[in-house]
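We just call them A, B, C and D in the order they show up, numbering each chain from 1.
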Amino acid sequence: MAHVRVQQAPFDAGREIAALTQGRRDVGAVATFVGCVRDRNEGDAVSRMTLEHYPGMTEKALEEICAEAARRWDLLDTRVVHRVGPLEPGEAIVLVAVSSAHRGEAFAACEFIMDYLKTRAPFWKKEETPAGTRWVEARSSDDEAAARWQGGEGRP
Amino acid sequence: MAHVRVQQAPFDAGREIAALTQGRRDVGAVATFVGCVRDRNEGDAVSRMTLEHYPGMTEKALEEICAEAARRWDLLDTRVVHRVGPLEPGEAIVLVAVSSAHRGEAFAACEFIMDYLKTRAPFWKKEETPAGTRWVEARSSDDEAAARWQGGEGRP
Amino acid sequence: MLRERGADMVTVLYFAGLRERLDCAREEVPLPPGTPTVGSVIERLRARDGRWSDAFAPGRAWRVAVNQRMADLATPLKPGDEVAFFPPVTGG
Amino acid sequence: MLRERGADMVTVLYFAGLRERLDCAREEVPLPPGTPTVGSVIERLRARDGRWSDAFAPGRAWRVAVNQRMADLATPLKPGDEVAFFPPVTGG
């Protein structure tokens, strides 16, 4: 049911949202998240980011997360696009777009998918900073964000 | 700081999101909500919706809601577009887009603005159904959604 | 109702279903003497014929804004203020 | 290490910082006898030289997937399985 893409090429958020509403009259709400490369992280300047992933597992992990979201909320459609390879500050990294009849489900599912993606989808960020290249460390705040959904309940 | 528009014309969600990221390297997260006309409401078919508003107050109310969001969360930019006049099922009614460094603030502020807009911005929906034209009744679920933020705290 | 010459007036607007029920979008209403509030204007409107007393009967759900900011019964009024009455909002 | 002819093997992949630390992206590892699990493969890897014992030292943060699904130390293994070791993920 979910539409998942892992790609190097940029994506167009407007087109992804349109894909959820085009020709449909049952969609009442579309919640979308776009994550972008920032030129700062942990206090250091970031000049470039490179995304590594685990071909094959990445798509499966994202599909499984979207399926879990669809089990928890009454959703109409879900789209996730995640880029890999070299990215510059200002470029988009990921998009999660969720459609439903009402906004509560769309918002919760969109945030759920992002929180789980951050801790369960096999991507790794490498940053180029003035002090050299480094792998980004996983954030405890991301683990905490994911933990909020642990109880399997709907609302965070 | 917030960009607010009340208009009859359609809007392009992709362009609104691009306006938040174009030429910037400090944006890490953009949360966007798009609300659309559904062809059903309260069990009845809806063939058309007409949005009435209070010219002058509507813009002020939306700006005040965005200012309150900016007081509660560390936001970079906020855009709200709300349409008025006759709309067909499938058409977009409202867009709320919020940018910030991290996703938590963007998601919370976007949902906050929608929940407050639903109960504090002077718009009224009129629906055409097989049983005739009727004014949409305010939903208690919307009052409850807004009440979640009452305590002035950040997270719902 | 004879308009008291020179009496202090407020502009009253009605929106959506309330406008249709009252068949009135806008009117000038003289301010009651003393320290007028939204509540005192409501009392005046209720004193009118069936449509008005019915529209503002206790238990009816309506909202009020003064000078384009959400207000309530206790909000004080002064001459020239813009008072708007409308059903609970249903935008978004 | 002489490859035991006909011994049952699993494919082991390493990603990101772990691959760089071990200077190894992929290898075939013989399955220990008995009921092999991820944990028993880890023991074998730890028994190798400094880079390996260091990378998988207690307290090190790493994750494991078996046949492209998140797994843990107790996950059982069978010949031909694909086992991936990697640092905590940082996508999105």
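Convention: contacts are C-beta pairs under 8 Å (C-beta built on N, C-alpha and C of every residue); 3 or more make two chains touch, one makes a residue touch a chain.
Computed from a predicted model, the values in this text were never measured in an experiment.
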Shortest walk length in steps over touching chains, subunit B through to subunit C: 1
Between subunit B and subunit D, centroid-to-centroid distance (C-alpha), Å: 49
Distance between chain centroids, defined by C-alpha means - subunit C, subunit D (Å): 75
Intercentroid distance (Cα basis), subunit B paired with subunit A, Å: 22
Interface hub residues of subunit A, defined as touching at least two other chains: 35, 114
Inter-chain touch pairs (all): A-B, A-D, B-C
Complex interface listing, subunit D residues touching subunit A: 13, 15-17, 61, 65, 68-70, 84, 86-92
Complex interface listing, subunit B residues touching subunit A: 12-15, 17-18, 21, 23-40, 89-90, 92, 101, 103-104, 106-107, 110-111, 114, 141, 145, 155-156
In the complex, subunit B residues that touch subunit C: 35, 51-54, 56-57, 60-61, 82, 93-94, 114, 117-126, 135-139
